[in-house]
Structures are given as structure tokens and as C-alpha cells.
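Before we start, here is the structure in question, set down as C-alpha cells.
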Amino acid sequence: MTNSERNRLKDKAFQVFGIFCTFIGLVVLGIFLIDIIIEGSRRLDWDFLTSLPSRRASRAGILTAWVGTLWILVLTTLIALPLGVAAGLYLEEYGRKGRWANFLEINIANLAGVPSIIYGLLGLEIFVRQMRLGSSLLAGALTLSLLILPIIIVTTREAIKAVPRSIRDGSYALGASKWQTVWNQVLPASFGSILTGIILALSRAVGETAPLIVIGALAYVPFTPSSPLDEFTVLPIQIFNWTSRPQAAFLENAAAAIIALLVITFLLNGIAVYLRNRQQRKIKW
Amino acid sequence: MSKKNDKLEALDLNAYYGDFHALKGINIVMEEKAVTAFIGPSGCGKSTFLRTFNRMNDYIDGFRVDGQILLDGRDIYQKDVRVDELRKEVGMVFQKPNPFPKSIFENVVYGLKIQGIKKKSVLEEAAEQSLRHAALWEEVKDKLDKSALALSGGQQQRLCIARALAISPSVLLMDEPASALDPISTAKIEELIYDLKNDYTIVIVTHNMQQAGRVSDHTAFFYMGELVEYNKTKTMFTSPKEERTQNYITGRFG
Amino acid sequence: MRVSEKIIEGLLWLSAVITVLVTIGIIWVLLSESIGFFRQVSIVEFLTEKEWTPLFANKKFGIMPLVAGTLLTTLIAIAVALPLGLTIAIYLNEYAHARMRQIVKPLLEVLATIPTVVYGFFALTVVTPFLQQIIPGMAGFNALSAGIVMGIMIIPMISSLSEDAISSVPRSLREAAYGMGSTRLQTSFGVMVPAASSGIIVSVILAISRAVGETMIVAIAAGQQPRLTMNPLVPIETITTYIVQVSMGDVPQGSLEYKTIFAAGITLFIFTFALNNLSFWIKKKYQEKYD
Amino acid sequence: GGNAGSEGGSDLTGSVQIDGSSTVYPITEAVAEEYRAEAPDVRVTVGVSGSGSGFKKFSRGEIDITNASRPINDEEAKTAEQNGLAYLEIPVAYDGLTVVVHPENDWVKEITVAELKKIWEPAAQGKIKRWNQIRPEWPDQEIHLYGPGVESGTYDYFTEAIVGKSHSSRGDFTASEDDNVLVQGVSTDKYALGFFGLAYYEENQGKLKAVAVDDGDDSNGKGAIVASLETVKDGSYAPLSRPLFIYVQSKAVERPEVVDFVNFYLENAAVLSEEVGYIPLPDELYKEQQQKFEQFVSGKGAATAQQ
Amino acid sequence: MSKKNDKLEALDLNAYYGDFHALKGINIVMEEKAVTAFIGPSGCGKSTFLRTFNRMNDYIDGFRVDGQILLDGRDIYQKDVRVDELRKEVGMVFQKPNPFPKSIFENVVYGLKIQGIKKKSVLEEAAEQSLRHAALWEEVKDKLDKSALALSGGQQQRLCIARALAISPSVLLMDEPASALDPISTAKIEELIYDLKNDYTIVIVTHNMQQAGRVSDHTAFFYMGELVEYNKTKTMFTSPKEERTQNYITGRFG
């Protein structure tokens, strides 16, 4: 009796602790958001979104930066998505056993731990110099794609693992080939979770500064890129640049740019959460 | 009764999961358009054996067979046999209903679609016919575009049968198709098997002696990877030759 | 059909192989420059020297201070993120309503997407002054606040991924535990967490990777002073911070000073490689036991 | 040279690619911004990958101009030569390094270069730890040091000027590449002493106190001098003011838009560098640079053209 | 025979999943130390009802009940009732065996450990007794420290029963405990139920009429959320009062 009372007490205590921890997380988030919004919202207007960078904080805008960020997003998605999903598929559905698979698995986990700056150095050597892409959007997107590839592969594998064996069996038993099964059953069924992983990976890519600076993404670009081979800048570089200026007005600009960046990642997460929920409502095993 | 052809045969079949010897020197011949029931205690190899007929075990790591499985006299474990073609010939229904998370219609025509058939009218025609055949048409004809996951367990199982029928196999393998179902659904599926045997060669695994007795023409009793006895169902249930069979089927349980 | 299947498999294989090429590329980039470095600096010195001053006139090339800094901040971050993240995961999974989980989980995920510059200044201007009131002797730049804030940043990696892992434990196990009269706490720690351990371990590994690779927070808040210490109250520097600062600084490329970043990089690479191998085998062993 | 500065937009096209030091970046950015009005069809882009990275790209001919907070070194010069490039170093402004303390620090008003050396030299590490070790009348309190990252040109210059040998200093000081971080550090630490760019001091005067520096040489101003626009410009704030450069390479100046841009740069650097927080060179120096550049363009400038 | 006490009662019990009315005004009284079987077609609410006796439905979003469930005359849906205490009183065995991924020994003593009992000798004693009670001791006594997942399905199910017995409940709820098992394991479990009813009040859900007939003293027939008929099992199977019951149990299936 005393024992079970103690257990109940512990249970309650943990519940309170759980609420407390969750609360801490949310409060910290709240502090960040409020802080940034208070500091940046005054600067955030139409002009700010449509102006080119400038030495005068009050005239500077983020047009090229957010357009560049969107470009990078789209290109990175186009490159990393098929590659990452394909690699995840290969590992989970095709080459699942043996030394080679173990090696690939460790290798990918390892890549996830390589600091982003190293990817920058790699991108500079391979894409910018060897492949002669220069400091272009394409070089940037390729570099970031490599950076987030491990995350996509890992999440894809987890998502595919969750598709029940019985669905695959059902498909094979009807004479479907491996690829038909993957394409018609496994991918649609795991699509929601794969997507979440991809979008979380992309929000990492959207926030990266260092590797892009290394490959030569620029700080001052007075034109919006019109092809993947154009030079570019992105929001994090603009933010990074502004936070290191002496004038307080630039810090305000940085905060406003952070809001813009957060809005983009919010939208991404929103899409992910929406698709995830829709998918989960549709499919109940 | 005219002598029927031999549809499926196993010759000296051995199967292994890694080191584990799951099937030991099985020899069996099954007639076409008849129902054969596999019975035996859990783990004796019924499912393993059943799945060698459409090579569903191919995907299991470390699984291998030796000996032969003949379908219409042709060894299906030959190198040049294409498993996808084989499985169009040998359909399968699983223990747990496993509809795809798609609409009822999409489920039924899946097998046709992957064969490249796209014409709407052909698909619709085939869907209706298979669903009728599986005694499900009346219940679902107004909601073909609804998710198959919204059906009851028994309906889902019949949908899986319809799905298997749609690609017109000649053999239908069923691994405990009614074990997850309530008696009403079970009855419907047993009736269905009874009807289907006019057109199909059916092999069914079951734990339920009564069921085996009701639906099958022949029964095979397996024990620890061996085929202990194989005979006409009636003979088997009334006068089994082997003591082990006797012990098993006269258990007081059902 | 057969042929197209083979082609597709080949393409998928190729995608997987790209990851190997990336690794080779990274090793090549790191090695080609660090070979030059190790020609001038002996590996023994590199590993045993206790000071790291490659950019000073009096050069010392001991990597240990940077490794110590990396370890220290990572440990602090994990010490913050693991209990918080895991508690949140368990709380959301076992105690909170489904609706609450649906809202809180993505909200917390936003924490991982805030630019790290923002975190850095938060550590410097909010956390450090706050901690200084509690710990009087604390330096204005220190590993502690950087580590704590880094921990906050990686909370969602642990909370979200672990929650996923816990919620994919079969319902039947949870019901079994409740059916025996377990409290929610006993159910979580006695049954769910052990059963989800492989997923939880993966989440922690990913979180550690992120912490090891983080640069801006440490660069801003930890003081950039390579120092062989495990004292969290003084300034330190991490490997990644060092690499970023030098690669974007004014040091001439191709010089010995510049090559140090590749030597540091390869150290980090070997370090994470060893860590990953270890956790991989632990995971394998553990899974074999209970699958 | 080109006829820059004429009111109407020029009809030049093409692009000018610039990269390099983040310290020089604000000036070049300002120039590029103004230049857009001058030649709207010329695409000028400016990166911030650091002097080291800038020189590397520059010497390989990957960019036209590089911003630099330190002079090119031998290795980099050699690479340029190997790639068939001549180049011209052009100083464009000064950066004043300001020595600062906490505003509540009421004991330090001025400091001599010798004292700075005593604090910062390598031998000081582990020895000079308290204020009263520098001057006995200063308090018996720990001294906390703040300075730019050791990989920066700023640090390079400071050590050269104070200790007498570049990259020679004690190691136990708090470093940051971001001067705002240093501002934050010094402004919250009563026993701090730090140094960084003048602009950061001027923008944060309420939070910091500048210390006058006496170089012991009365020829360039008597006694201790506080850093300011005037004292840096007239050279009396010594030795802590350093020049910032741009480098132009010979292949690039074959393109008229690059020539036009550099001329525009030199014409406007005085105004624009002040606007972004740096100190302009004396006017005659800009004139001199313009001439040198003209020679360089016409092919008479040597690869090692010196100021 | 002496009159037994009433152990479990439901009074005007209604249960809802959100808008769905799953149990409709159920009234039932179950005697102690007797076996009651719940039968009825799939989806009629058997499991839902069973799970109200140990409040396992509490964790389902949107689930609520009104009416009363009395255990020894005490309403278990009162505010002050501790569900963990309740569940120590009312044990449960599930359809699919669900051992914890721990050793056999750890599984059996789990319930005791969470009550804070740590003494090795007490735990060992209890483990042996429960395993013997569940007719599993002989089979596992030499491998108590092996993973429970390495047992066969039937063994796992008996382990789950042993686990439930270890905390000495007075009521045992079983939701189709044998549906996933082969006849041999099923027989063992039926025997076990037969033995256990000397000490426990048992409620069992089953799809198998024969099983209900063999093991239970009373049978309750549910249909679409209603309790259609409740009677002595013998009476029910020989002369059901309701036509719906008749139709269901005389189906030719089993």
C-alpha cells in the first residue's frame, strides 16, 4: 500500500516534471520568437522584402537573399530528394544484409556527423573548381544536398521500415516486381514520414551559412538570380553579415531577416505537418 | 469422375532457413480443381511449404530449397522462371487481411494495372467480376472509391480474395484465411472456397479441423517439417494410417 | 521488364554509392592538405602537446585542447538535451493528449531551425549573465552557457525522434504493462523506453553529431580560447569553431597555419567515425538480443 | 582611365567579381551600391570569405578584385605570378584599432605602448594577471583581455604594432571574429581590457570607454592620443591604425567595366568609407592611387607595385 | 452447490467512442470463481465491454462510459478508484501474446517488481508458482534467463497468463486468448482455464463456439452493442431464448 502510494507519487511527480520540461522548451522558443519579433518587426515591410542590399541599414532589403534562399531550396530539393530517397530505398529494400550494408550504414551515420564547413571545403574543390560551376546556385545546392543527404537517407529508411511486411507480400503475391511494389505501395505508404524527414533536412539546409560562404556565396549581390548558374546570396549570409556590423540598425535588419527566414521554415514545417497528419489519417494499419 | 490432371507437385523438397531444416524431403502431388488442406501443429512448416509454390520465400534472408516444385509439370525453381509471371499463375491470400491503403477499386485492379492494363472499361469489368466471384460485389458496389481500410475484417479478407482472382490465377494459396475472422465471415469464406474450386486449384492452411473437413478434398498432415500423411480428407478423418495423425486430429479441441 | 528492374536497381545502388564517394571526397580533401601538415608537425606532437597555438609566433600544435573543448561542450549539450528531450518525448507520448502532442511536437521542432547566430547571442547576452549571478566566478565567455544553449537547440532532435520511436513500439506491449497495474511512469521506463532503445539511441547519436558539428554558438559564446580543461566556467574552443574561423579568416591559404584546419578536421572525422562504429555495434548487439 | 563620375549612367556591361576580407567588405559594398547608379548594367558582386580565401581565389584569377585587411604574402604573390597575373595593391581607407575598457573603469585614462606590450606579449601569459602588475596604483584585480580572433588581419596588425612581431602575443585572452561579441564582453566586465575597430567603439560609446594610447614618440602628436576620425587621419593616433586594401589583377583590367569600377572606387572611397565607419586616407593619397592605377592599366605598373 | 457471491456487475452500462455508441445499456451479473464467455459477431462490442472491467479503455481518446461497473460491489469508475490498484485485482490476457522483450523470469515477476518487491527469494518463489500454475514451469525452468521472445506462440501466451497470475488478481480477463494458437496450445490453455476457475473469476472472449461450450459456465451473447442473451452455457447452447442467439450459435461453422 505504501509502495503503491509511492509509485503514484513518482508518477505524478514525473508528470509535473514532464509538463515543466515541455514548458521550458516552449518558453525558450517563445522568448526567441518574441525577442526577434519585437526587434525585427518594425523593419519588416514591403520595401524591406523588395529592396537590394545597402550600406544604409534603413534602405537595405533582402530581396536577393530570400529569392536566393528559395532558389537554393528548390534546387536542393530537386537534387537531394531523389538521391536521398533512392539511397534509403536501396539500403532498406535491396541491399539490406552483409558487410557492404553495414559499411554503408556506418558511412552514412558518419557523414551526418561531419561538420558543415567540411562540406563547404568539399563543395569548393569538387563543384566550384573541378566541375567549374563557379560560385553558382547549382554549386551551392549540390553542396547543401550532400550535407543533408544523410538525414534524408536515415529518415527515409525509418519511414520505409514502418510499412508493414504484409503490404509488400500482398503486392508480390499479385505478381508485382520489386520496383512495382516499391513504387506503388511502399513509397506512397511511407510518403508522409519521408516528407517530414526531407523538410526537416531542408530547414537545416535553409539555415546553413558556413559552407555557402566557403564555396563563395556572396554577401552583396545586387540582382536576383535567373538561372542555376548565376551567383547568389541567401538569408543566413545576409543575417550573419548584418549581425557583425557595428551599427545597431543593422542588428534590427538582421532580426527582420531572421523573421523572414523563420517564416520560410515555418511554412515548410507547416506543409510537412499538414501532409504528415493527412497521411496518418488516411493510413491506419 | 474423370481423372483430373496433376497441377502441383513437390519432389524431394527440402527447405532451410539458414541452418534450420524446415521442410524434410516432401513428396506430394495435388490435383487440379481440388481443395487440399494443410494441417499440423504450429511451426511444422505448413506456411513455409505453401509459400514455396509461389516462391514468396525468395525474399527471406538465408532461405533456400532443394528438390523440385512442379507447376503443370514445370519446375518453378528453374533459373529461367520469372517469379512475377509465376505469381500471376499462383495467387495467394494471407492469414491477416492485407488490403493496400487505396480504394477498393484500386485494390482489385492492382494486379492488372501492374501488368500494364490501363483501359478503364476493361478494369471495371474485371473488378466487378472478381468482386462478384468473391461474394463481395453487393456489399461494396456503391463505394468502390472508398478506402479499403474502412471495410470490416471479413470484407477485407474477401477483398483480398477478389484481388487475387482478378489476375485469373489457376492456383489459389490460402494461409489460414479465416483465423482472424468471426464465424459469420468465416462461413462466407468457406462457402466461397467451395464455389471457387470449380475453377481453381486451391491449397489452404488451417488450424481448424472442422474447416479442413468441410472444405477440402485432400488433407496433408505435417509434423516437424515432415509430411506425415496425405490422403482423401474423408479417409484421413475417419481412418488415419499414422498414429501421429490420429493423435492430432482426434484432440478434443476444435 | 527484367532489364528495367536491373537498371532501376543499378540507379538506386548508384545513389547509395554516392555517399561513399562523398566520404572519399571528404577524406581526400582533408588528407591532401593534412599530409603537408603532418610532414612538418609530428603526429606525436599533435597528439601529446598540451597547447594549440598554431597562429601565434610561438607555434604549438597540440590538438588536445580543441578535442577537450569539443567534448566538453558536447557533453554539456547532451546533459541538457538528453534528460529534457527524453522527458518531453515520454511526456508527450504517455501523458499528454493526442491533440497536445500534435501541436507541441512541431512547435518544438522549430527550435532546431532557428539560426544558430541567434542562439549564440542568446547564450552570451541572456544565459551567461544569468548564470553569473548564480556562479560568481564564471567567465563572461565559457563552455557552460554555450553548451546549455546548444542543448536547447538539439532538444527537438531527441524529443521528436525518440517520440517517434516510442510510439512505434507495439501497442500490445503498453497494454500489457498497464494490464499489470503499472503506473504511466513504470510503463514508460520499464517497458517502452527499453523497447524503443534502438530508435532512441539513433536520435541521441544524431543529436550528438549535430552538437559536435555546431560552430556559431560556440564561436560567439565560448570565447575561442583553446584550452586543455574540463572546467565549464572558462573560455574554450572547439574543433569546428576553429575550422570555421580560420577558413574564413585572413590567414594565407596553403600556409602551415591554414593546413591546421585539415588536421583538425581529420581528427574530428576519425573521432566521429570511431563513435559511430561503437554505437553501431552496440545497437547491433542489443537488437540481436531482443528481436 | 575611364571617365567615371560623369552624371549620366554609362552603358558599360559585364561583371565585376570581388571577394575577400570581411573587414573591407562594408566599404566595397557601399561603393558597389553607388556604382549601380553609375553603370546599372554592370553586375558587381562582393563576397566575404576572408582575406586568405580572397587572395587564393584572386591569385588563381577566379575573381577580379579582392578585399584585403593585410598585404599579400610571398606565397600568394608567387601563385599569382605562376598564373600569369600581375596585380596592384590599392589602399582605400584606415581602420583605427581602439583600446577600450569598461565605462566604470576609473583608473585607466591612458596607456603607453610599452604597457600594452607588457600586457600582450607572449611572456605575459600566466604572469601578468592583475591590473596592479602594470601600474602599482591600479587595483589589485584580475585583468581580463579581449581581442579579435588570431586568424584575423586585425590581430595580425595589432601584434605587429604593439609586440613588434606579428602573431606574437599571449594566448589566454578571449577572442572573437565578431567585434560585437567583444563589445558585449568588455561592456559587461569591469576588469576588462580589449581592442577592436574604431567603428565598433563609436557605435557603442555609452557602453565602453576608449583609452588614449601614448606611443612615446612626440613627432606624431604629443602624449596619449584617443582614437578618432581626425587623429587616425592625421596620423597622430599611432601605431594602432592600419590601412585596408583592395587588390586588382592584370587580366581583369583588360575589361573596361573593372577599370571603370576601380576608378569610381577611388573617387568615392573617401566619402563612403567614412560613412560605414572607417577613416578615409588623405585626399592626395587617393590621387596618387588613381595615377598608379592608370599606369597599371596601361601595362606599366609592376606586379609588385607598392604604395 | 452453495450460492456463490456476485463478483462483477454492470448496471445500465453505455460506452461511446466519440459519437459511436459501442455498448448499449448493458446489465449483467457475474459470479465469482466461474467462467463467463462473451460471444458475438465481430465488432459487437465484446472487447470493449471486457476492457471496461479493468478500465483499459481509459487511454483511448474520446472513449467514455456511463452507468456503473461494480467489482465486489464497488463502482470502479468512481473518481477515487486507483486504476493501478484495480488492475492488480483484475488481470488481463490479450489476444496476441505480448511478452515484454525481457527474460522469462523478468516477465513473470514484472508485476511484483513494480509493486516494489525486490527480495530475490520472494520473486523466485512467486515466479515458480505462477509458471507452474500456468502449466509452463516444466518447459521453461531451465531457461528462465532466456528472452521470452524465443518461446513459441503457445508458450508465450501461457507466459502472459503466468505473468497475470503472479500478481494474484481475483479476476482474469481473457480476450480471445487462443485465437492465434494451434490446437495443441489451445488445448493446453483451455485445460488451464478449467483449472484456474477454482481460484479465479474468469471472463473470456471467444469466436469459437466449441471453446465457449467447453470452458464456460455462463455465456453472454452480444450483438451490435447490446447484450442479447445471458444464461448458463448449457442452457444457452441447447435452448437459446432469442432467435438471434439461435442463428448465431447454430451456424454450421466452428
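As written, the chains take the letters A, B, C, D and E, and residue 1 is the first residue of each chain.
Methods note: a residue touches a chain if its C-beta (ideal position, glycine included) is under 8 Å from a C-beta of that chain, and two chains touch if they have at least 3 such contacts.
Remember, predicted model here, so these are calculated numbers, not experimental data.
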Chain D and chain A - chains in contact with each: C
Comparison of C-E and C-D by number of C-beta pairs in contact, larger one: C-D
Most remote chain, CA-based centroid, reference being chain C: B
Centre-of-Cα separation between chain D and chain C, whole angstrom: 36
Chain A and chain B: spacing of chain centres that average the CA atoms, whole Å: 47
Between chain B and chain E, centroid-to-centroid distance (C-alpha), Å: 33
Intercentroid distance (Cα basis), chain C paired with chain B, Å: 51
Touching two or more other chains - residue numbers and ranges from chain E: 84-85, 114-115
Set of chain A residues in contact with two or more other chains: 7-8, 177, 213-214, 243
Residue numbers of chain C (touch at least two other chains): 1, 183, 186, 247-248
Interface residues, chain D side, partner chain A - complex: 17, 19, 22, 25-26, 28-30, 32-33, 36, 43-49, 53, 57, 62, 177-180, 197, 199-200, 202-204, 272, 275-277
Chain C residues within the chain D interface of the complex: 51, 53, 55-58, 124-125, 129, 139-141, 219-220, 223-227, 235, 245-255, 257-258
Parts of chain A lying in touch with chain B, wherever the complex brings them together: 96-97, 164, 166-177, 180, 184-185, 188-189, 282-284
Chain E residues within the chain C interface of the complex: 54, 56, 59, 61, 83-88, 91-92, 94, 96, 98-102, 110-111, 114-115, 147, 149, 160, 163-164, 167
List of chain E residues in touch with chain B within their complex: 41-43, 152-154, 179-187, 190, 207-211, 214, 248, 251-254
